[in-house]
Amino acid sequence: MNAMLIDSTRCVGCRACQIACKSWNELPSEKTQFFAGKGYQNPKDLSATTWTLITYNETKRRGRFDWVFGKRQCMHCLLPACATACPVTALKKTPEGPVVYDSSICLGCRYCQLACPFDVPRFEWDKVFTKITKCTMCADRVAEGMEPACCKACPTDAIVFGERSKLLAEAHARIDANPLNYVHHVFGEKEMGGTCVLHLSDVPHQELGHAGGLSEEPASAYSRPAMASIPFVLTGLGIGLGAVSWVVNRRQQLAAQQKEIERLHEIAEQAEGKEPGGTNS
Amino acid sequence: MTSHWIDMIHADVAMVMGSNVVENHPVAAKWLARAKERGSLILNVDPRYTRTSSFADHYCQFRSGTDVAFVNGMINYALEHDYIQREYVVNYTNASFIINPDIGFHDGLFSGYDEAKRKYDAATWQYEMGADGMPLRDLTLQHPRCVYQLMKRHFSRYDVDTVCSITGAPREDYLKICRNYTSTWAPDRVGTWLYAMGTTQHTNGTQNIRTYAILQLLLGNVGLAGGGVNALRGESNVQGSTDFGLLFHILPGYNPSPLAAEQGLAAYNAANTPTSKDPKSANWWGNRPKYVVSMLKAWYGDHATAANDFGYDFLPKRDGDYSHISLFEAMYEGRIQGLILLGQNPAVGGPNSLKERAALEKLEWMVAVDLWQTETSTFWRRPGTDPASVQTEVFLLPACSSVEKEGSVINSGRWAQWRYKALEPVGESASDLWILDSLFKKLRAEYAQGGALPEAITKLNWDYGTPEQPDRHQEPDVHRVAREINGYFTRDTTIDDKGTPKSFKKGDQVPGFPMLQADGSTASGNWLYCNSYTGPEPKDNKLARRDGKDAANEIGLYPNWAWSWPMNRRILYNRASVDPAGRPWNPKKWVIRWNETEKKWEGDVPDGPWPPGEKHPFIMRADGHAALWAATLKDGPLPEFYEPLESPQHNLMSSVQVNPAIKLWHKSNPELNPVGEEATYPIIGTTYRVSEHWQAGAMTRNLPWLAELVPDAFVEMSQALANQRGIVNGDRVQVVTARGAMDVYALVTNRFQPFRVDGRLVHEVGVVWHFGWEGIVKGDSANVLTSHVGDANTMIPEYKAFLCDVRKITGGVA
Amino acid sequence: MTDFFKRTSSGLLVLYALAAFGLLLIVYRFVMGLGAVTNLSDSYPWGLWIGVDVLAGIALASGGFVVAGTVHLFGANKYHSLTRTAITTAFLGYLIFIFGLIVDLGRPWNLWRALFNWNHTSPMFEVAWCVMLYTSVLLMEFLPPVFERFKLTALHEKWKTMVPWAIVFILGIFTFAMTDSLIWTVVVVFVLLFWELVFRAGLSPRSIQMPLLMIIAGVMFSTMHQSSLGTLFTLAPHKLHPLWYSPMLPVLFLLSAVMVAPAMVIFESIVAERSLGHRAHMNVLSSLGRAMPWLLGIYLVVKVGDLLARGAVSDALSISWQSFSWWGEVLLGVVLPFTLFLSQDLVQKRVGLLTAAALVVLGLVWNRVNVAVVGMIDLEGDVYFPYWAEIFITLGLISLGILGYRLASLHLPLHEEETAATH
Amino acid sequence: MSPTSAAKPDPAHLLERLQEDLDNLSAEVWQMRPLVFEPQWVAQAAVWQAQGRPQLPDTVQPDPDAVVFAGQRLASLLEAALPNDGAGFQGLVRWVQADPVQIFDLIWRDQGGDLLARIRAAKLPEELAVLFAVLLARPFRSWIAQELHAESRLDGWKEGSCPLCGHWPSLSLIADQEEGRRYLWCLHCGTSWRHPRLRCSFCGCTDQAQLLHLHLEERPEFRLEGCRSCKRYVKEFRSTEERANLPWEALFLGTAALDLIAADHGLLRDSPLIGATTRQFPQRTQGPRPVPGDHSPHDHTTSSNPEKNR
Amino acid sequence: MNLTRRGFLGATGAGVLGIAVGVLGLTKAAGASRRKTFKTAETKESSTICPYCGVGCGLIVSTRDGKLVNIEGDPDHPINEGALCSKGMSLFQVAQNERRLQTVRYRAPGSDKWEEKSWDWALTEIAKRIKKTRDATFKAKDGVRLVNRTEGLACLGGAALDNEEAYLYSKLARSLGVTWLEHQARI
């Protein structure tokens, strides 16, 4: 299972990765104006033509002012919320690691945008023949035995590509090697059931623009109880409704027969009344 | 750079001052990161908290323009605590030299200052010579007039409190920087100093570098692995264009271009060839006549004979100052009719851009050669100009990019590397080589019918394998040019090479510049590059070598990768990295080592073949010793602090407000050269670059992906200043100086903090200068704000400190 | 044409105008893309259309299965007269919903993909299947009046015999699709077949006008997707405001759908009576009205109980748009109608019934909009307000629905007297 | 898909199984401890590496019964993997079973000429027989490589040939995960070593105009790097896999189509199979190296200079 | 890496083992007949140095029949070891950019637009103008001293020029007697 380890302490904010991503995926540039973040952040956020973004954050670290850079992109979760949500499996997790998207079967319902806890999938609002766009961990390059374009471009090796277990070990080794220099938490190790993009940082991860307060269970855990109950509810209803309607209709039928019988009696009595003094009961 | 990029890894402490290495040389950050992993400290001193500061271990802010005060204080700190490598200083620097008895320094001025001419007479700064013609020395460094004592007295005025008051640096940060950096005085610890335009672009730019050199020499860091004074140059071949003399004051190989007073080659040689009586001084510039003659032979070939001084008379003799500022001042006065530009964009990059753009209109014709339609090529239709009123003819020739032509470039670390041609030039673009070659062919044809001094052109030795009629599909043979630069024998000669006679045939390539002769038997376009192309075949082109084998000392010299001048030496002055007996100061990271048994040097190419102790290490200096005391500079033998031309603060060190030796253009050419006062322009302004754009911006603002990252020019200011002016992040503001104004966005940030200077708060703002009216993203260059005032020695403009004001643009005024 | 304008009442004119304008905008949407017609963005992928057309639309169409269920399954024959109108409303409601969904989908031409690319973990997958199949069930329920109108008795008889087997088949596929396991499919099919045989044997087949199995299927499908519309939002714990987010969302959605059914029927009958002149049987409606407080009460208890259980009371008491909107929904939508329905005389009068029912319907729509739009928190603080075109398209669709209903009730024997006449 | 293999399972499965069998064979032979590792080999390896000479110690002789075992296992293994087209193949199996030690001895002491003579005498399919011999010696050489390279470093080695056994590389990997660095791989001992890109591994020519990269139009990631000056080539591919667990043998056999392309372009396959039989120490001359001839039999006897060919 | 997924075996046309067997000459006849002409392409790779800052990073440019295919960092280059910064990464867009100047342009005095001209015309005109300006402002003597300089002509530029180009530019300018010779090193 391939993964990426992004160490924001090594990132110097040169954004070679943003260019490499646009270059390899041939994404057009956006009309941007001035800056969006606290530093030179552009464009403002991920978009249909920007699949990865360096965030510029001014913060305090150990009492001193610091300027730290985070990298926003698809986290390629192990059990992705978007794949769980997508009604037609247009988004699915591949064994090699990347979560890939197939526009030929996508409905465009945008449920994946709602479900994604990291707010990553983007939609082409301005086009008629639209599709969902997001970072694909360069699945085509990985398939050809190459590492993703942003890993290849990073001059200070802040982004490293490799086997997830190995990268996790490397991340913890780095934390143990200089404990003062890192927050003792690898973002992505457990979030939403664990992701294939792991972040190391010397400031709390939320300050780098990463989503906070995420649970450790995968998204499917939220919808599983309801979805799992379908067959039981179906059968239960089938039996229950059938029984109730049977009982009620049976009773009504009997009541109807009873009334029928009584009506017959009345007719019969009226008929007797006309003859010698019927015993009107 | 005296060392090179990879060498930074060996630094125990790396000082980044006057440079934003992480933003403007990002890949260098890789080597600093590895140094950091090895546990070395990165220090960063910058008016603004940049990406380098966030990368560094310690950061200290200081007011733009006060670099001399800051580092003089560090020198004083080192001298006071005796953090100096004594053996290195005594043996290898001129600390022990005695100075002329009449030397004096009073109230900020050295002796010999002529107020009217604003010039020094350096007679009183010279060494006191002994009877044998050798300078007097006191190795105990006690003599009151020895350089060491003069320095102690001079720098003692820069105590920590005064320096912090001038520079606005917080005291504890300043002390932390001093303590950490001066810790490299120990022989086995070494510090490297990385600087760039932040240091040089001041009125006392040269003295800024002098302070670094003095401190590095005192700490014994020059010549060692992980040491040296390293200028991080901004362009891929600015080192090469300087090596080949594209500056008014030098010819290729740093030989001075002839002055009007130097009539004839003999006079030139006499004036420019230093002599030394000290047998132990190599005085390498003593070989200058060989190099100049060889160059002239390369230029004028057979026509250059001893009789006609090898064509010396053809060279133009200059009189006065022809630097960039004087050039545009002359152009403004209409004294220049024609301008040829090869890949330069002064309309954005030049200081006081409004005056320079106005000057361009005075031209009759202009030739611009570039990859893009630059601002300079369309100055005639810049915003606010009526093209009809501009009578200049403009030729805009399309040049091809670096991947569409073959040739070599030399990087900041003096590695000359070969580039292969991967693609055909796009459209009708052509390489600059072809353009120059074709232009010359046309000129030769024109001058065949006569004109002023036609021989200067027609007799040029110019044949690079292209037909007489230029044809774009026939490139000049770049290898032939490279071989001419290296140099060849013009006739069969035998030379004694260290005793053994060696004979060469006519046309053989010269193996190295020690073989160059002054008698015209050798020709070499640039002596520094002799040894770069030592054979007739492309495989002898050392610039194209790609062998990654490291030298024996395994410190990342990579001697077989490409080639570096001189003679493939990777670290300059590396003889200073060993003690007089030849033992490396720092055995763990030795650069060169004397092998006693085999009687030869190991490791890097040494500064000269002599065994240890036979020659002083600083071979390019006449006396062979590093210059703590530099008598050749125009504004003082020792660095003295003066305020920038436009400064909000009077000089606390002396009554001399501004560098006494600079030319004051606002007095000689007042038009469009006003100087702002603090009253109307209270805020310090500076200019800088961002990682995503490059120089005048043509090469990046025309690229959609880079344009998207930094789309607009902006001014960065502190939160305090923003609050004071009612400005919010993202507002359109106007930055205005006495010379010009520009509308930009305001980036309010905590990365700028006000400075406490002389007890009061002073604000500083910084503006990015890459922008112009061409390209995908447009704007204006911060150089409409900067002024025509330059450094005393180099005339480099003072971009980094001026006075400005920032006003919020309210309402409709967009 | 001119007399057409004179003849139709001003109200109808407005409906025709809205419907036409809505259709025009829909065409514009498909020419220019979603961005040109909506204020939707990456932080608000779902807006008014999902809130109103989808969530509220389906909930309000619950009348169909609730009324049919109570009448046919629970024997409450007195509401018999309402079944046909309720089913018509439901059927038209679902058609409008599907049309609205197509407008909202980015790539509607792939809708059929849902049939072949199965994803059992996705609530949307279940909603898609349920809606497709339930619409077909509704179509079946809707057919009898059509047969009667066009006197296709042969078809009617064939319909009666074929429907049960169609239902078994539909439910079979549905179960298999949902569970991907043959065992469950067999179980469900067995149960249904069992009841069908029992019904056939026990009750006289002919006498039952409506095959019970179809009604059961109607109720089953509705329970499925009314609840799974709620499950949709369980996947977005980090985005939906704690006031609405809860694991009980499916139950809340189902309960509110059931609760609004009678109110919708009341509302629609009274309105239909005014415009179409069909006498609404006050006694039937008021008895429905009397059932309302029970439903409102249960829903309120579950909703508030769930809020307390999740400890989100503090959010309710805090000052924010969300809390105002929550209180509005609960007070106006549930508590006020609860009190109105309790007062005996009000239940008798048309006006009273109409206002109370309208309030319940309004409350339901408000709840759905809250969950889909108001409750969505955006980190960067963008605020979403529907673009005017979105509103007009929604109005256009609703008016189409109403016009459809009007057409149906004019031409089809939906009402009591008509059915009696043709019997 | 070619007719013959239609019946058989997809060739990739075949190759994958062959790869696993070969790895298992090496593991089994290693467990038998056929060789005694002498510590001074490490020091000697460092000295030889500095001189540009392969590190394989020459005075070592694995014990014969390990060789016999390897021979049997290899024969059975190839029988399963390769299609048996009539007589040619059966003869080979019998030839191996007859006297594996003799074959092993020839290949171990790199007596290529004698080995070829015997193969031709037995009228066996030449290439496959040599492949068989190489695979026979492979476990023993790779064991030494394993032990040696645990201690002695390889990064000082700048030659194009194998640092351990001196043969020409059979495959070239571009390790994209390590910034695109290039590693060459030797079929004979399984060693992979770092070698610069844009440089012919055979003649060291760095004139980039001479180098060419040919590949199938739609599969650019599998290509061959050829050199116009010395007319030789090596097959090259990109991967982010760890070098240790790459299926090298399967890749070598699987990319045979590239060999065909090379032949079309007049690049001589200085067949590592034929080349295997002679341990040339490539004298790195800057210019094009004399082409040692392709399939045509030529004198494989040891080169004239004994000291060189130790 | 399992081979089947990679599918490269299939892609090489015939069943590879058949080919392998063929190529290895096991069954020479079979091998030859199965030979399929493969649609091959040639990728040329060459090294270059980044035109932006002074670090001098190495890059590898790959082109396929004259068209730029990819630019990546040069892994064997000791300074950048295959890494690049944002500007280096964008070199692809310098080589392929429709905003690049592709024709010779001339602007007549007072005109407000460019005219497209041929190279030959432009070079001839420029040579004429240089000659006119040089001859007009050439000063052989300054008083008694021989100076041979022309101050009417200024030459700017070339920190991005190659060394060989800078050398020829310096040689040409000095031969013309130009003293106004400057470039970016001083600004």
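Order as written gives the chain letters A, B, C, D and E; numbering starts at 1 within each chain.
Here is the rule we go by: a contact is a pair of C-beta atoms (placed from the backbone, for glycine too) under 8 Å apart; a residue touches a chain by one contact, two chains touch by 3 or more.
None of these values were measured; they are calculated from a predicted model.
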What chains do chain A and chain B have as common neighbours? D, E
Farthest from chain B by Cα centre, which chain is it? Let me know. C
Give the label of the chain whose average Cα location is farthest from that of chain E. C
Per-chain CA centroid nearest to the all-protein CA mean: E
Chain-chain pair with the highest tally of contacting C-beta pairs: B-E
Approximately how many whole Å separate the CA-defined centres of chain C and chain E? 67
Could you grab the centroid distance between chain A and chain C? Build each centroid from C-alpha atoms only and quote it in angstrom. 28
Mean-CA-position distance for chain E and chain D (Å): 40
Expressed in whole Å, how far the mean CA point of chain C lies from that of chain D is 73
Scan chain C for residues touching two or more other chains and write them down. none
Find every residue in chain A that makes contact with two or more other chains and list them. 14-16, 18-19, 23, 145, 152, 155-157
Tell me, which residues of chain D touch at least two other chains? 179-180, 196, 198, 208, 220-221, 239, 241
What is the complete set of touching chain pairs? A-B, A-C, A-D, A-E, B-D, B-E, D-E
List the residues on chain A that touch chain C in their complex, please. 45-47, 81, 83-90, 103-111, 113-115, 117, 119, 121-132, 211, 213-215, 219-220, 222-227, 230-231, 233-235, 237-239, 241-242, 244-246, 248-253
Residue ranges of chain D touching chain A (in the complex, touch as defined): 176-177, 179-180, 220-221, 237-242
Residues on chain C engaged by chain A in the complex (per definition of touch): 30-36, 40-43, 45-46, 69, 72-75, 77, 104-108, 110-111, 113-114, 117-128, 171, 174-175, 178-179, 181, 184, 187-188, 191-192, 194-195, 198-199, 202-204, 208, 212, 215-216, 219-220, 223-224, 227-228, 230-239, 247, 250, 379-380
Which residues of chain E touch chain B once you look at their complex with the stated criterion? 44, 46-58, 61, 63, 66, 68, 71, 76-81, 83-88, 90-91, 93-97, 99-112, 114, 119-120, 122-131, 133-138, 140, 142, 145-187
Please name which positions on chain B make contact with chain A in the complex. 22-23, 26-27, 29-30, 33, 49-51, 53-55, 690-692, 704-712, 714, 730, 745, 747, 749-751
